[in-house]
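First chain A sits with chain B, and in the next complex the same chain sits with chain C.
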Partner chain A sequence: MVLLCLFPIPVLLVSCFIGPSELASSKSIFEYFRHLLFNTDAENATNLLTVQSILIDVRLPRIILAFLVGGALSVSGSSLQAIFRNPLVSPYILGLSSGAAFGAALALAWAFLPVQLSAFIFGLVAVALSYVAAIKHKNLSIVSLILSGVIVTGIFTALLTVVQYLSDPFKLQSIVHWTMGNLHNASWKLLNASYIPILLGVIVLYLMRWRLNVLALGDEEARTSGVNPVREKIIVLIAATLASSAAVSVAGIIGLYGLIVPHMVRMMIGPDNRQGTIINFLFGGTFLLIIDDFSRTIAGFEIPIGVITMLIGAPFFLYLMKKTNIGWEN
Partner chain B sequence: MGKLNMAISVENLTFSYGKNTVLQNAYAEIESGKLTVILGKNGSGKSTLLRIIAGLLPYQHGKIAVSGKELNTMNLSQRSKLFGFLGQKHKAIFPFTVEQVVLTGRAGQVSFTPKKTDMERAANAIEKVNISHLRGRIYTELSGGEQQLVMIARVLAQEPKILLLDEPTTHLDFCNQAKLLSLIKELTTQSLTVVAVLHDPNIAFLYGDDFLFVKDGAIEHPAVHTKPWSADYLKSVYDYELLSIPYAERALIVPETKHS
Partner chain C sequence: MLLILVLSGCSNSTKTTDKSLSSIQVTDFRGKQIGFNRHPARIVCLIESALSGFYMLHAENNIVGVSSNIYEGDVFTQYAALDGRIKNKTLPAPGNWDFISIENVVALKPDLVVMWASQTESIETIEAKGIPVYAVMLASIADLYKEISDLGTITGTEKRADSLIQYTKTQVSAFSSSLKKTAVEKQKVYFMWSQGPLETSGTKSTVNELIELAGANNACTSPDEHIVVNLEKVIEWNPDVIVMWYDANKSPDDIMNLSGWNNINAVKNKRVYELPSAFMCDLWTLKFQYAVKLLHTWCYPSASNDINLDSEKSDMLKMLYGLKGKNIR
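Presenting the complex of A and B:
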């Protein structure tokens, strides 16, 4: 538990040293830190300035953004799995990813709104549509929610195809690139645009952490022990949607991530959301950072992070599923 | 004096699922500190009655009062202090431990996360049901009988005045049924009121203090001198030929077979 909580610190530090730039070698970064900490005389001031700008303007925002995005997707995923009482649920279940992809494509093709804002808005619109379609007689049935999510996903995927069909090859390329999920646009500007909804959502989910245990037992059990399951599920739904749509809007679609990390956390510490919520955020953030470090260095070019999460995540998940008891076989 | 012992009073209750009327102008009185058993045929509405009292089904016509207070005027948290409800077979998804499951019974009294007193109450409930040895075990890996005891502990952790049990013995074997009913009986001696829907009239007559029969939309409370375990009475409830064999001041009920 404590180890898991401390795990992010070394990874955050190591990540500062990772990147394609030749100028910002490990040696020069050490030198920069020494200069910062002990105010030593710099041998090569211009070089230090370059190092500083690479670190502060390029790597640091990307590191923080990767951490926040990973944490947001994981916490949202685990919370939604609890309220849907279904371990196969991910933050994308209600059409968030396809809505956001459509929004981004629309903005990339016709530039009427900033890409991230458009993705964020259409992500929320998609979830709201699924939600409104599922509500019947003031009752929120999980099955109809999942069904309406499937339908809404279908609609926005179709609309996305239309946009792709109508846009020129150059724009088409950037649309496809966006949907693959990547963090290479990371900047302080993107970070500023996304950290408030992400942290807001995560804080609400953190406050609800024990409530998630109650909701995970079932509606009847919750209601007869004094909890209104519909109201509390809506709170969780809104918070998870806020955090994950902000994450998707800045990083694109990072596939499988919000589904797999909650499982990994459950395998490590069990299903209790009291610890699970915070561990999902810390571990989910750190793990995405590690994946992003690889995506920056593994090849001469940058591999979209969504592709890596899919390729690494899927077999890893299958392996864990075979090897350990996830606890939902029966 | 009589009114003071009344835990629940149902007056003029009418309930329907769409056009299908299940209860019509039904009256019932349930005494406190006793084990009251609700019997009736499948689909007669006995579970419906229990679920209405538990607040799971909203009622439009009639009155249900607990010590004179109308149920419809209470919020969920107030209700949860009064009623504990245990539904038919509970299906768990996540591998929570027994302790974690029992602790969720405190939800109505907890704002965000449970405090030390909530943990203690959960521990007490676990002890009351004699499953301390299961505390750290994974709920989903327990046997049906053990799971049912855990769910009872969960309801007790809620510390209600009245326990509502919907067919608590359905998935249990013979001996586990007996164990569970002795435990429930034991609870009524600690001033808990228990209302249970049961399928098996034998279990009912072995352990029950009072009996309600749901039939044709009405709730029947046998008059003082009527013996509900008599073959004639049960025949009128179940529409089936039954034999009543005297046993321990009451009777054992067996269906009439061709070779008997």
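Presenting the complex of A and C:
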């Protein structure tokens, strides 16, 4: 547990030294820090300026963004799995990914809004539609909610196809790249635009960690424990949607991440949401950062992070699944 | 009776099954030989740049169908100036670079369809209906010359095709030789496609040819035709000039305000430029020479004082499109 909490620190530090630029090598970065801390004479001041630019303007925002996005998707996934009492649930179950993809495609094709804002808004709209469609006589059935999520996903996927059909090759390529999930456009600006909703959602989910355990037992058990299951579920739903919408709006669709990581965490520490919430955030953030380190260094070009998530994350998940219990019931 | 009608229909066709007997023959970019007994009178052209070629060859009357992209965005105005049928939207558009309505293509009864070689499934379906396809795949300026030459052969305008190619080659070589006289340090250019600021082209691309013809070097050293690079690499390359492909939604100011780009020389010195029109600078038409001239003036402003871009543009349009070129704005 302590090890898992400390895990992000070395990964965050090492990530600062990893990148495709030969100019910003480990040696140059050490030299830059030496110059910064001890005000030593720099052999090549221009090079150090470039190193500073790469480290501070490019790597650092990307590292922080990767960590926040991974943490948000993971903690949202685990919270939703708890309230839906279903191990197959991910933050995308209520149409978030297809709504966000449609919003991003609209903005990429017609530029009526910034891409991230449009993705964020349409992601929220999709989840709200799923929720409204599922309510019947003021009751919210989980089965109805999942079904309406599937239908809303279908509708937004069809709308996305229409936008793609009407787009020229340049715009179509941008849309496809966006849907692959990537962090190569990470910047302080994107980070500033997304960290508040991400952290707000994560903090609410963290504060709800006790109730998640009660909600995971079922509605009747929750009521006997003095918890209003409908109200609490809505709060969790809103917080998870807020965090994951903000994450998707800046990073695109990182497939299955919010499904796989909560299971990994459960395999490691068990199903208790009291520890699970914070560990999901820390481990989810760190794991995505490691994947992004691969994504930006494995080749001379950017590999979409969603692809790497699948290629590295999925086999690792299958390995854990074979070696240990899935950790849902116990 | 029906059989007689069908047989008589076949005998009127411009197509021939035995290519060795064809008087008109070309080899398309798939390496497939296409033969005709007489010049195709009805051509469906689903590639915008190739359509420009037909207008340059003065063979537009043979066109009976175009790409739907012609009716969208920036290029519509220019094609409308070239052809009343496009202006009045009466020239059918049965498909584009991506989706094709086979039914609408067949309904136009074409003698030939010109389309991208990458549209393999549609090509197969159209050819299965007995309609010849000239498939195009452009990877270099030499490919562009071959395309114009082939379209000239197909439409019986070989002389016009030769003069167009000769004119372009002369323009480019005259420009290159004038460059040799100016002994200035070569500028490093980062080319930015409209898909995103980190999408560029490497050393084995038409963009690279464009940059080199303008007397500069491509900042991207990777060989890829299209590549998504990391911002770290762009900062490391530190280009002197950034050239954006035309984008109706972005301007050089947007690039200069991008977070993390402020230490790049081109941004620091406000040397970010945008090609002004997809039609005018289309790298897959003989108009690429105008983009070469633009790039040169942006890279070497002091050495390009005697280049009047407006008159260069109007001369080029007149030479390439003839009298109708005067109507293009």
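Convention: the second predicted complex is superposed on the first by the 326 of 330 C-alpha atoms of A that agree within 3 Å, B and C clash if a C-alpha of one lies under 4 Å from a C-alpha of the other, contacts with A are read in each partner's own complex, and residues count from 1 in each chain.
Criterion: a residue touches a chain if its C-beta (ideal position, glycine included) is under 8 Å from a C-beta of that chain, and two chains touch if they have at least 3 such contacts.
Keep in mind that this is a model prediction, so the values were computed, not measured.
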- Message: Applying the document's definition of touch, where does A:R59 land relative to chain B and chain C: first, second, both, or neither?
- Response: second
- Task: Have a look at where A:W210 lands relative to chain B and chain C in the superposition and call it first, second, both or neither.
- Result: first
- Task: In the overlay, answer first, second, both or neither for which of chain B and chain C A:E220 touches.
- Result: first
- Message: Quick check for you: in the superposed arrangement, does A:L113 touch first (chain B), second (chain C), both or neither?
- Response: neither
- Query: After lining up the shared chain so the two structures overlap, which partner does A:R274 touch, if you call chain B first and chain C second: first, second, both or neither?
  - Reply: first
- Taking the superposition as given, does A:R85 touch the first partner, chain B, the second, chain C, both, or neither? first
- Indicate the residue numbers of chain A shared between its chain B interface and its chain C interface, in ascending order. none
- Query: Hey, which residues of chain C end up touching chain A in the complex?
  - Reply: 69, 72-73, 97-99, 193-199, 222, 224, 227-233, 235-236, 238, 245, 247-249, 258-260, 262-263
- chain A residues within the chain B interface of the complex: 82, 85-87, 207-211, 213-214, 216-218, 220-228, 266, 270-272, 274, 325-328, 330
- In the complex formed with chain C, which residues of chain A make contact? 19-24, 49-50, 53-54, 57-59, 61, 111, 165, 168-174, 177, 184-185, 187-190, 296, 300-302
- Task: Quick one: which bits of chain B touch chain A in the complex? Just the residue numbers, please.
- Result: 54-56, 76-77, 79-81, 83-85, 87, 90-97, 100-101, 103-110, 112-114, 138, 140, 154-155, 158
